[in-house]
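What follows is a set of structures to go through.
Look for chain A in each of the two complexes below; its partner is chain B in the first and chain C in the second.
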Partner chain A sequence: MKHEAPNIDWAGLSPVIALLGGAIVVLLAGLLRSRLVRERAVPFLAIVAFGASLGLGIWQWGEDAQVFIAKGSQATLAFDELTLMVTFIVAVAGIATVLLSWRALAPREAAHGEFYALLLTSAAGMVAMAGAQNLVTLFLGLELLSVPLYVLCATEMRRERSLESGLKYLIIGSTGSAVFLYGLALIYGATGGTDLREIATGAAGEAGGDVLLLTGIGLTIVGLGFKASVAPFHQWTPDGYEGAPTPVTAFMAVATKAAAFGAMLRLLDVGLIDAQPDWAPLLAILATITIVVGNVGALGQSSLKRLLAWSSVAQAGYLLAGVVVASSLGVSATVFYLAVYTMMNLAAFAVIVARERETPWGDDIASVAGIGVSRPALAWPLTISMLSLAGLPATAGFIGKFYLIDAAVDGGYTWLGIVIVIGSMISLAYYLRVVAAMWMRAEVAAVSATAQPRLAGADPEAERPQWELYLVAIAAGAATIFFGVIPSPLFDLATAAGRSLGLL
Partner chain B sequence: MNINWYLAVSALVFCIGAAGVLVRRNPLVILLCLELMLNAANLALIAFSRMHGNGDGQVFAVIVMVVAACEVCIGLGIVVAMYRRRLPIDVDEMRELHG
Partner chain C sequence: MLRTYLPAIVFVGLGTLVGAIFTMMNSWFGPKRKRTPTTFKQDPYECGLPSEVQQGFRFGISFYLIAMLFILFDIEVVFLYPVAVQLRAFGTFALIETIVFIALLVVAFVYVWRRGALEWR
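Up next is the complex of A and B:
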């Protein structure tokens, strides 16, 4: 038997090549001895790599590149509009993360080259996962995104909490991967193919009746639920978010979610579309549980990172509504909300990083008390972000939720739309608490014994607020308002992504 | 031989692994149990590959082995870092983050 090399579309693959090539360049540049190179040039190169990926993605927009076509089978990676939207989200989140971690402790502890190389590798895994049209590629993408993130969580090696969050995330994340893999194995067994189109053909005849296929779908959804922090598989989220270095948390929160939902949309809406009557009710119930658990869990939190972790669980529930309906409108709504969610969260995390460096309160809510008076340039982005996460009109979060509810109602899940509205109402309680702390409470001045001591070796320069944090906070906040008032540019991109899966 | 036997063994191994992750307290043993879960999936993949008569499952299984090795490396690395900081190597003792 003669084997031919698969046909590789290098132009189509270029967004991933930029990320992986960037990782290698950054890793090598990190070996140079000069402090200036390590601390200035390495982050700059990482930003260039993310920017190149973004630019190449824009160049490939509309090309619908199919990469790695072996003879007689489908492409294993598709760079259609859905993948490219995830690429844009990941690249924007990556640029913001590099800016946030530029003068942070984590890259100093872990060596600059390695830190940014891991970030770029993880981003490449996210793009591969969102574009995977084959179960093998899907699993590889999932692991390529997860394994660097486990390390990144544990990078502040002298801080006990960072190590603990890394180990917890590793154990729970790997359990999720193992469950996911077992699900994939059962789907392969039931349909006889690893390609999503083959699976769709194999599943068409026996939808509903095959125990093997149904168990496989269930386990796969559980595995992806771990990554997207869907309740009841969310327990790692608050601990992981709180313990990880804050810039890494920002990246984990937005980019992982985009990749997990991109993969979920493609797997369920292309490969398992004929089994939709079986998995849609299951997902709808999971969405309801997630919305309730996330919003109720966030109510009692005093740490801002934990609050955002629980809020991210709730947001995952809203996003699931777009997956449940399996329509082109649902895909567009999910992609739109993922993009919006990225902006809102980046604004919030940039402010948290800034206040962590300025105050001894770490990420406690006390660290933002009274900043409406003392630091309005930080208070406004955080206010916009909180109001947008709660879904108030004139913010992008409102448009995103409106779009998701529209998709749910259109797909015959009106009750899920009502659950989203009720969830948003509960969420106002904790989002407004942060806003009230910023504008109505006095700044907490005294250094108390409970405040976290600063680690030895931290850069004294890092205690002052820095322009790059303001840049990220204000740019993300402004984008949240901009797309809340004029959503049409993002709307067009999301609609194109919605059409790319070939659904009704 | 009937494929059901292979699947039964694979499901059993998977359940032993999952139970181990839930009840054991030593991170090293938990990593071993994770390996069991991944290898149960490998067994299922190879059995199905034989059943369908195509090589996809075997390729998948080889790739899973590589990935499993990477995961364990990271896990062991973190355990060593904790050991150097004289932290207890016991997941029940990890209470710095809670809620």
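Up next is the complex of A and C:
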């Protein structure tokens, strides 16, 4: 029997190839003896790989490349505007993460080559997951994303919390993967296809009554909910975020969420679009629970990383609103908010990393107390980030939330829009607490540092201000303001991503 | 709308119930004898032979490392056999794919070698 080679669009695949090729180069470069190569060239190569992926993604914009077409079947991976938007988000988050971990403890303990190679591999998994047109590719992407992240969480090997975070994420993530896989199997059983378009045709007649399909959809949403930290599957988030090295937390928070929501949009809004009347109410209820749980959970936190973890749960709830409505507007709103979320979170995490190294307070809220006076270059990005996360006007977060509420109202879920507004109101309580600590409290004297054990993040070598952290913080903060005032460039990209799924 | 989930709920409920019943059935209907855990019953099963492994037995971590590496490379080489047998049917595409695959294996090998995982410690 003669087999025909599948048709592979190499140009379309190039953003992923750049990431994976970069991972191999970085891994091998990390083996070299020279300290200079390991500590300087390896992170630089990782940035080059992320940059190449970003550039190739821009080059492929509008091409709508369908890669891996075997004879007689559909493409398994599509690089349409949605995938490329996720690629951009992941690449930007990746570059920021490399800059944040440039002088961090984690890559030094886990060896530089491995650390950055794992980061690049995980990013490739995220792109594959967002672009998957096939359930098998989707699962492959999910695992390629998750497995390196489990390891990355535990890279500060001598700190117990880091190991705890890695182990918790591994166990809960595996549970999520198993549930997700079971759901995919049931969807396949109900519709007779692993391809999204086959599923769409298979589900068209079945919707509403098929138990197998409904169970499959339910389990799949649960599985993706684990990754996107949607309540009630969010329990790992605060511990995982707090324990992981802060640069890794930043990457996990923004990039994983982008990939999970990319996959959710594609699976629900393309493959299972005809079952929308069935899953939409369920998802809307999940969104409500997530918003309430996330915002209430954040209220009592004194650790900034835990606070941001709970806030990321709440933000996942807002994002779900865009998925629920299953409209082109909803997809655009979700993608827009994901991009905005990336900027504001990166600004916040860059400041946390900087203060972790400058003070003995770790990521406690005391570490940013009074920095409005002593370090305005860090205080402003964090202030902008907090106000934007809360959704105050003139920041990108406001436009993003406005857009999501617009989509929710347009899709007949006005009450969900109201829930978002109420959630944002609650969230002001804890975001403003951070702002108040920065501008209205005096800096906590470092004299008492002797009483406080020096945390693993604080490093005597890295006491002086570090330009790369300021660069990330200021650039992300500036972008948050820029897209809050002039949202149209990002708006156009998000609209193109929204149209790419072929919804109304 | 939500009524469509009724069968799913029944499905889950029935699954739990049936599972629970089957687990419990043994203790309900099985012969009830006083449980006397003898030393034989508590021994780890070793194919009928008396267990010789001491509890405090230690072995070098290198065994574990080498065994894991062996499994990794072993499984990857297994993938080469079907391609080798069917290479004519698959054509050049498969050949190129195999070369890429082997190149990646070599990268893994170089990594393992340079990291010193193959040295016996």
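Convention: the second predicted complex is superposed on the first by the 487 of 504 C-alpha atoms of A that agree within 3 Å, B and C clash if a C-alpha of one lies under 4 Å from a C-alpha of the other, contacts with A are read in each partner's own complex, and residues count from 1 in each chain.
Here is the rule we use: contacts are C-beta pairs under 8 Å (C-beta built on N, C-alpha and C of every residue); 3 or more make two chains touch, one makes a residue touch a chain.
What you see is a predicted model, and the numbers here were worked out from it, not measured in a lab.
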item: Combined model on chain A: chain C and chain B, fit or clash; value: fit
item: Touched partner set for A:Ala5, first chain B, second chain C, both or neither; value: second
item: Partner chain(s) touched by A:Arg35 [first = chain B, second = chain C, both, neither]; value: neither
item: Partner chain(s) touched by A:Ile24 [first = chain B, second = chain C, both, neither]; value: second
item: Larger contact residue set on chain A - chain B or chain C; value: B
item: First (chain B), second (chain C), both or neither touched by A:Pro281; value: second
item: Partner chain in contact with A:Glu164 - chain B first, chain C second, else both or neither; value: first
item: First, second, both or neither for A:Leu214, with chain B first and chain C second; value: second
item: Distance of closest approach, chain C and chain B, by C-alpha atoms in Å; value: 7
item: Chain A-touching residues of chain B, taken from the complex the two chains share; value: 7, 14, 17-18, 21, 27, 30-31, 34, 37-38, 40-41, 44-45, 47-48, 51-52, 54, 56-57, 59-60, 63-64, 67, 70-71, 74-75, 77-79, 81-82, 85, 87, 91, 94, 96-99
item: Residue ranges of chain C in contact with chain A within the complex; value: 1-2, 4-5, 7-8, 11-12, 89-94, 104, 107, 110-111, 114-115
item: Parts of chain A lying in touch with chain B, wherever the complex brings them together; value: 135-136, 139-140, 143, 147, 150-151, 154, 157-158, 160-161, 163-168, 170-171, 174-175, 177-179, 181-182, 184-186, 188-189, 192-194, 238-239, 242-243, 301, 306
item: Footprint of chain C on chain A - complex, ascending; value: 1-3, 5-6, 24, 27-28, 31, 208-209, 211, 214-215, 218, 277-278, 281-282
